[in-house]
Structure formats: C-alpha cells, structure tokens
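Take a look at the structures listed below.
Same chain, two partners: subunit A is paired with subunit B first, then with subunit C.
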Partner chain A sequence: MTKKKAISSRKLTSEDADQLHDISGVNVYACYQCGNCSASCPAVEFMDIPPHLVIRLAQLGFIDELIEAETPWICAACITCTVKCPRGVDIAKVMEGLRQIVLRRDFEHINIREIDKKLREKLPQIALIGNFRKTIL
Partner chain B sequence: MQVSYYPGCTLKTNAKNFETSALAVLDRLGVTAQELEDWYCCGVCFSQASDNLMQQIAPIRTLVKAKESGNPQLLTLCTMCYNTLKRSVEFIKADEEKLETIHKFMDREATRFYGDEVDVIDVLSLIKQIGLDKLKEAVVKKVKNLKIASYYGCMLLRPKEIAIDSPDDPSIMEDIILASGCENVYFPFRTECCGSYQIVNEPDIVKTRAKKIIGSALKNGADLMVILCPLCYYNLDEVQAEIRKEDPRFQTLPVLYITQLLALLLGLDLDIHDFSLHSVDPRPVLKRKGLL
Partner chain C sequence: MKRIGVFVCHCGINIAATVDIESVVKDLEDYPGVVLVQDYKYMCSDPGQNIIKEKIKSERLDGIVVAACSPTLHENTFRLTCKTVGMNPYSCEIANIREQCSWVHKNKDEATLKAKLIIRSIVEKALLDEELEPVQVPVIRKALVLGGGIAGIQAALSIANSGYEVILVEKQSSIGGRMAQLSETFPTLDCSQCILTPKMVDVAQHEKIRLMTYSELEDISGFVGNFKVKIRQKAKYVDWDKCTGCGLCIEKCPKKAPSEFDQGLEKRKAVFTPFPQAVPNKPVIDHENCTYFKTGKCQLCKIVCSFDAVDFDETETFVEEEVGAIVVATGYDVYPVLNMDEYGSGKLPDVIDGLTFERILSSSGPTGGEVRRPSDGTVPKEIVFIKCVGSRDPEHHFPYCSKICCMYTTKHAMLYKHRVHDGQPYIFYMDVRAGGKGYEEFYQRAQEEDNVIFLRGKVSKVYQDDDKVVVCGIDTIYGRNVEIRADMVVLAMAIRPSKGVEELTRLLKIAIDQNGFLTEAHPKLRPVESLSAGIYLAGCAQAPKDIPDTVAQASATASMVSNLFSQEYLLHDPLITGVNEDLCSGCGVCVSVCPYDARKLNKEEGIVEVNEVLCEGCGSCSAACPSGAAQQKNFTDTQLSNMVKAILSE
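Let's turn to the complex of A and B:
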C-alpha cells in the first residue's frame, strides 16, 4: 500500500462498495480508526493490510484494492476484532464480504487438489471443511 | 437426566478420545447423552454473509432432528459445531422472513424449528449446570500440584451473543479445574485464536500461534494444557511435534481434552483414552502426578 491512491466520487459510489455492504450488512462508516481491531488481531503480522486500514479503505471505496489483498484470506474469523470494536463494527463480517465478492465471481482462492495427500488424510475434517470456504461456493 | 447429543464429524474420527471421555464423565455425573438418530455436518464455519441462506439449512436440519428427539437440550462437544448451531439459531430468530425462506427448503422435515425449542449447550456449561459440587464429590483421585493451563480458543466465546462466559475474561474452565482438585495456571493467550483452518494452506500462521500459546503456558508453570476444540487440539498437539522437528530446543507441553483429565480424576476406565492419538505423550506427566 505504498503507492498513492486517488480518491474520487466514482470510487465512493461504486457498485462493489454497495455489494460489500449488502453481503456483510455492516456500516463501515461507524469506524473512527481507533485501531483496536488491528491491535487485537492474532494474525495481523501475516496480513498485507491491517484490519483497521481495511475498514478505512472500504469507507473510501477502494474495494478493488481490498479484494486483491491477502488480508481477507489470512483472517480465520476468530471474531476478536468484532468483540473489541468500541463502535460495533463487525470487522469479521467485512472480511467475509470481501471473500464472498471474490468467490461469487467464480474465482477459486484455493485448489483442493493442491492440498498434500498425506496432510489431507491426517487433518481433522473441521480443518478441511473450514478451508473449503475459500473455494467456489 | 437426559440430553440429546450431536457429535459432528470429527468426534467420530480424529477426536474419538474426546467423545469417549466426555460421555463417560457425563454418565458418571448422572447425565445420559443420547446421540441423534440422524444428523448432518454443521458446515464448520458459520456463514457470516447476510444473504447466504443455503449454509444455514444443514444446521437447522440437525436442530429439527433435535426438536423431534423431545429433549430440550442439545449437547455439542466440538466447539465449532456449538458455534455454528448456536449462531444459526440466533440468525433465524432475528429474521422471520429468512426463517420462512429456509423452511421452504425443508421438504423432508415434518417438523418446523423456530429457534427457542432446543437449547444448544456445550459440555462446560452442562457440567456447571449439573453442579460443581457434584463434580467435586465424584473425584476419586486427589492430585497434588497438578498445574493446568485451560485454553478456551475462539468458538465458545465469540461472538459475544453466543458466548458461554465473558469473552474477555472467562472463568468457567478454571472453575471446573478448581472443583476437580487441580491448580489453575493463568496465561495471557488462553482466549486467542490458534490459527484455525489456516493449518491447511498457511501452516506458518498456526506454527507461530502454537509457539506463542504453548510457550506462554509453559512460562507460567503449566504441567498440562486442557482444551475443547478438536481443531485447536490438532493445531496445538500435532503442530508441536512438527515444531520440535524443526527446532529441537522447543519445549513441548502435553495437551488433553478437558474431559480426558476429568475422566482420569474420576477414576474412570483407562480404555476410554487412546493415548496413541497424542503427538506429545501425556503419560509421563500423568504417571508422575499419580493419575496413571
């Protein structure tokens, strides 16, 4: 996110932003950027965009940048951010919304066939089924 | 007392020792857990999308079966199942229109489920409901200085609408451990995520989490860690063995399902434990503390 991004009225009113709102049901504009979500996220060190910045970019309509990011796929929906948010923003639902936008365009994020056979046989089913949420729905 | 029981898929495979130990402990405490005649995969991760009703159908179907069983409570041992079923109940209770749509897909079900008829309950809350005094009375093996780190994970505590205790500072596991005669070890990572299903594609996340969680429990003097979720179990037990292979200096900590520890303290048949399922062998510490 080092490149400068231009904010425009076109971005703020994009269909993608509406779709994110429809799928997640979350009002991202309630966020005042305190950063509690990023401070409490156990996986933030693996993310390319920290959760509070995801919400900021969503407020500004940068949905294309968000669905290209790794962050929504790193999030495993532990819901810590949502519990910690003083403004009641359900950040975990925004992450799910971003994943859904991608998956509903028929883009697989993972390929089941690429999972190592030995690992597949050893893992508990709940790990595999949870992970399959990142394939086409 | 009788409750209906929903095992879910993992309790029949990787987490057999969780099922056998939990059912034996409950039996000793006077509770019969009757497995549902028919049940479906819960879907594991609750669909957080507001418009995705398809993924609510499987959990609701299971809840229909639970209603038909006639028992007011449905026990789930797997915490992922607890989370998914409980949130599906909240989901349909909050929106009549969505409930109506879901009902339209229930072709084979003669019963309609509206949300309040079945109480989805986890094993910790059930033990608390039976009574910690009763648990205390049932303990036959007294142990000295057995220090237990209770790891909650995510699924019983978040989101707060379905939390079994305070999401920030829970105490239900510690209360049970205290009643069973062991000592509690507090460690700051007890409610933090283990990395969940990221073990499939992003194992480094889970390894980093496991190192922090196990390291923190050890630093605070734990002899054993007890948990409830079969996925946390894999991520904290199996992954410890993998970390150990990469780093021989890594100190391991045995992990047990909390019901396995209770079964040992209640003096139940040792055959219910299949210790070969553990990557970090808990037997040396259990022998040292007189439980084996």
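Let's turn to the complex of A and C:
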C-alpha cells in the first residue's frame, strides 16, 4: 500500500530544495503540521496533495513529488492559508515557488509546428501567448 | 445516661435524594440517650456549625453524632466546632451516611433504613466515649536528607537556611547526582555544572549541614519528631581527614575501570573521584577493581601519598543519630537499553541512551564536548533521536510518560546542530509535550532555526549495516514508512526510580506505586509528604520531573520540614490501645502482631507496656489479646458489641 521512503540529509539539501527556498523565501521548517492551511483552503477538495502535506514533503526534501503534483496549479493563490498559519509560514509563496520551479525547467508545453495549420490560424492569439509565457519564464 | 445530640446533614441532594431525612429524624428522636435531633442542608457550612454550637450549649449535650460524609473529610471540622464551645473533641462522632449509604444505594426505603441503623450504632459508641487529650511529643529539630542530587541539595540548603541542622547522606563519594552529569540545561542552555557546583560548595561550607557521602541508611526506628537512624559509612580506604585531594594517587594508580560518571564511555582509575568538581573532592578506592585487594601487590597510591592518607585496613563504620524529619530524594536511573530488543539490546555501539549522549555533549566529558560517536570516534553527520523508549508502553515496558525526554531530546538535537553545522538531526516522536515556561518556544526554535526534522511515529527497528545504523520508522503525518541510514541513534529511555529504593522504602515503611516511584500522601493537596508522618519526598524518586520542578518540590519539602520543626511539640492522636495491667497476663501476643513496634513486654513485671506515640490505633493487638487487656480507646469491646447490637436490633 505505502511505499517506504528513504530520508537523508542529501535529499534535504538537494538543489530542488534549495531552489524552492531561494524562490519562495519561506522557511518550511517553522511548520509544526497543525493543518490549518488545509482546513481553510477553499480548493483543497480538488487537490491531489493537501497544502499541509505539500509543506511536509518540502520539509522532508521530496520536491520531486511536489513537482509532479497538481496541487500548485489548482491553488488559486487566495492566500487564506498564509493568513491562517500560526507559525507565519507563507504557504502561498511555497505554491508559487513550486510553479516557478516547473516553469523554469523550460520544457515546451506546446510546439507550434505540431499544431495543425488550420487550427493554428483559428486559435486566438491570447491562447498561444499564454502557452508561450509558461514556457519561456 | 449521657445526653447525645444527633445532627443530620442533607449534603444538598447528595444524601437527601436517597435517604428520607424526615423519617431518620423521627426515628432517632425516641432512641435511648438521644435528647435532640436536628437536620440541616449543609452541616459543614458556617450556619450548620453554629446550630451545633448553640444546641450543645442550650441542650447541655455531653456528646454529639454528626450524620454526614466520611470522617476523613469533616471529622476534624466538627471536632473543632465542639472544642470552641468547651466540649471534648473526642465526644464528637461521625456517622457516615453518604459514602457508605446514599452514594452507593438507589432504593430510598432501604437506604433510609440503613442510615438509621448506622446512626443508631454510632449513638451507642458515643454513649460510652471517653474524653481524651492528644498525646504531646517533643521534636528533635534536625533533618536527615537521603540523596545528594539537586533535590537533596536544595532541600538540605533550604532547611539549613531556616536555621535547623541537616545531615545529608549520599551513596556516591560526591554529591551532585544526575545533574552533574548533564551538559547544558533546557530551555536556557546554561551549563549544568556551572549552575550546580556553587550549590554543592554551599552545602560543603554550610555550618548547619553535616555532609556524609559514600554512606547509606542502615537502620531506622522511632517516629515523627523522634527518629533514631543508623548510617553506614562505607570503607573509603582513604583517610579524608589527612587527604588534601592533591590527586597524586589517582595519577599513579595503574588500574582502570569504566567510569560510572561518564556512562562507561571513558575509564577511571581504581582510586578515583567521580569528576573534577566533586564535593568533597577526596578519592575513594574501589575495592572490586583495586590491584592490591585482588592480588595483594601494588600499594602505589599508598607509596606516593605524602600525607599517609591511604589506609587499606579501613573498615565500614556506623554512625547513630537522632533526627526529627527525613527527606527521601533518591533520584532516578535510566532504563537500560538492553531491554530494547528492537533497538539492538545495547549491542550496537552507536545506539546509546540520552544520558550517555549528555556526556558526549558535555565540555567535561570524554570528547571535550565534540560530538563523536562511540564506535570509531568519527563525527556523525546524521543522528536519529527516538523518544518514548520504554515510556508510554504499558504492554511491554512502563505506562507512564517520563516527562523530561521531549525537552532534553529537543535540546540534544539543537546542541548537536550547534556543534556540527552540516549535521542533520531527526526526532521520532509520538507527541511533543512542551508544557513549561519557555519550553514551547524552545521546541519551535529547534524546528525553525536548527532545522530539526520531527517525524511523528514510532521506530519499529534499528539495525547495523556496515558503518551505518539503519532506522526503520514511520511518519504518520505524511502517511508512509520511512528509513534513515544514520550514523548514530540516541534513545530517550524511560526514567526509573534509582536502584535500591525498594529496600529503602521497606526500611522507612513508606509506600511505592505500581511503577516503583514513592507515593505521596495526596496527589494534589499533599504532594511532598509520604503517608508516614515525618517522612517527606523530593525529586525524581517521587515521579519523573525536570530541574525546575525538582527544585520547586525540594523547596516545598524543606518548607514542610521547617513547618514541623517550628512547633514546640507534636500532637499525637490519643485513640490508641493501652494495657489493662490487672488483666494482662504478659503472654506477648500483642507484641508480635504490632506493626509499629509500639508494644514491649516488661518481663520483670510480667506485663506489656505501650509507647503511646508509636501506637497508630490500628487495633491488631485488641483483636489478638486473649484476655481483653488490650482495649482501644473509644473502640472498646463493649462499645463495638453495643454497636453491633444496635445494627442487628432493627
């Protein structure tokens, strides 16, 4: 059912973990797992990993799992979690940090040449630009 | 016949809901000897007591019966009430119609009948009660403190500062106890020895304190205010009067043994002081390890000693003293790791208990405060701390919480991080209990500033793999099993009462609880007294506690002792069993059944004599006496037989 996970200081100080800290500026170790962020999140039921576990995984250095997760993209950045946190952890910034890590990897969400010419001509410009922006940040 | 007044309490609805008070009052009005029956909602209240006072005077009562709650609660209240209007307090009797009647029954008719019978029987007792005066006992204003840890030190200093003499007895050759072994103390991280040693020196220099180290209590007799104690001074083989503590003998001694003070991490000599700041700073020779005692050869210490202090012929000596109060502050031991099969049974060198880790962290320890693991002396880069090892496990070990582990483990992780900056501490916990001033803040600091990883869950096993110690546990927050390949594991072992405390309690006749800790007289209201008058408790011997709590408790204990010593004489309950010399045949049966050594056979006179102060009025002798000579005051055979008749005469 559950897979055994190895915890190590190598994981805790990985490049991903450092990058998350650099981008967000948040010390995730301040979190004591009360769960108030998840309890107050208006979008939690649509997420695959609730916010408090996002922070937990960040504490344990499992950034790779978080990068694969849908949660950061479902997060509406309403900042309720940040406002509610008793330890001053800015969870919304962590979510943004995770989104940034993904975006900065610079993989191509769309290849314009792969889109059918007819469709390409019909697509609204804003849709194309939106997609490009996500890839070039 | 005596004029008895009966006062029936409703206790709100506690009694009145189950017992028909009106019917009880009516029934007793006609009972022989009863001249007045009065009921009231709360007899123990001021108006209730005033009714009793008025009626005693107006009805010229000779004795009263208060039908109310258990005598353990308000007997004293009502006896004092009687005393204020000039009635002998022992002419007041309590009929318990609450705990033994209304609270345990549902049927009102039956409960009412039972209440009537209880009160009638107590009226019979009151009719034959004698007027008694408490026995006066002198007090010896000198205290014996057993245990020279922080609890004993604090209690001794506090009693001595009140102006009373103290004998402080310690089993080891130096005072200081467990606190002397600690590195730094939570939550302020001040050095343990730095705050303890001034107190140790105070003890040594105090003119009211007689320090007896390397000694143990051998025997005790007597009672509160008047104990006779015999203290065994173990053979030190060094004459401390001659010894200057220069340490040359220690330097030259060729034989080594594991140091108890350093938890076996380091060796000490066969002639040794446990640590450099020992008080008194004089060595003893360890008989078991000394080469001379084993082979008859060596005597190097004797040869180098310029003061001729070494004396291989020294024997143990005994000192007899009289004291008025005894403080038991015998401290704690750590539950041995060898009891934990799943954590390597103490066979893995890098799996150690918290106290051993304290020595590793201590600047006076074997590594000078550098964190190095015991197996190969390398600096551990990842340490796993496991809490609740042996504690909170009623199925396999002990049910209680050892209380100090949450904080000291957090401290360990923090200190480790301060010493090894690139190291990573992990703590496996079940709950974090950081109740105490500045404790929660300390715990949050460990997480936020020192990046201590807290993993909620138990560790199922720990095993050696190459030079790593593999820890298999779970993080129940994250919901997955986890595995850490650590360099070292520190176990927060359960706190146990120190070895030998059971024999000591048998000697002192005080109780221990199911876990072996000393039992206090009342868990909330009498937390520093034992159930035996004149014997008090302090520190971890009573229950696991940290230094602030221990110091507070020891100070409270000292205050109780001062309280006792400030009295001119003590009053002893006169409800004792005497001897009717005309009836006593001198058979001595009562002497053998007395649990308090209160009765002695006078062979010349052929009768038994009673020490009224030692007698606790248990009644064993009255039951055993074949001739009826041993009659307990106000519980005579005639009284008891009348009481039984009253109950059966329904």
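As a convention for this text, the second predicted complex is superposed on the first by the 103 of 137 C-alpha atoms of A that agree within 3 Å, B and C clash if a C-alpha of one lies under 4 Å from a C-alpha of the other, contacts with A are read in each partner's own complex, and residues count from 1 in each chain.
Convention: a residue touches a chain if its C-beta (ideal position, glycine included) is under 8 Å from a C-beta of that chain, and two chains touch if they have at least 3 such contacts.
What you see is a predicted model; the values in this text were computed from it and never measured.
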item: Touched partner set for A:Glu96, first subunit B, second subunit C, both or neither; value: first
item: Touched partner set for A:Leu53, first subunit B, second subunit C, both or neither; value: second
item: Touching partner for A:Ser9 - first (subunit B), second (subunit C), both, neither; value: second
item: Subunit B or subunit C, by number of subunit A residues touched; value: B
item: Which superposed partner A:Arg87 touches (first subunit B, second subunit C, both, neither); value: second
item: First (subunit B), second (subunit C), both or neither touched by A:Asn27; value: second
item: Which superposed partner A:Ile79 touches (first subunit B, second subunit C, both, neither); value: first
item: Shared contact residues on subunit A - subunit B and subunit C; value: none
item: Partner subunit C, residues of subunit A touching it in the complex; value: 2-9, 12, 27, 29-33, 53, 56-57, 59-60, 87
item: Contact footprint of subunit A on subunit C as seen in their complex; value: 381-382, 422-424, 426, 444, 447-448, 451-456, 472, 475, 477-485
item: Subunit B - residues contacting subunit A, complex; value: 8-10, 13-15, 41, 43-45, 47-52, 78, 80, 154, 158-160, 167-168, 192-193, 195-202, 204-205, 208-209, 230-231, 233-234, 238
item: Complex contacts: residues of subunit A adjacent to subunit B; value: 22-25, 42-43, 45-46, 74, 76-80, 82-83, 90, 92-93, 96-97, 100, 110, 115, 119, 122-131, 133-134, 137
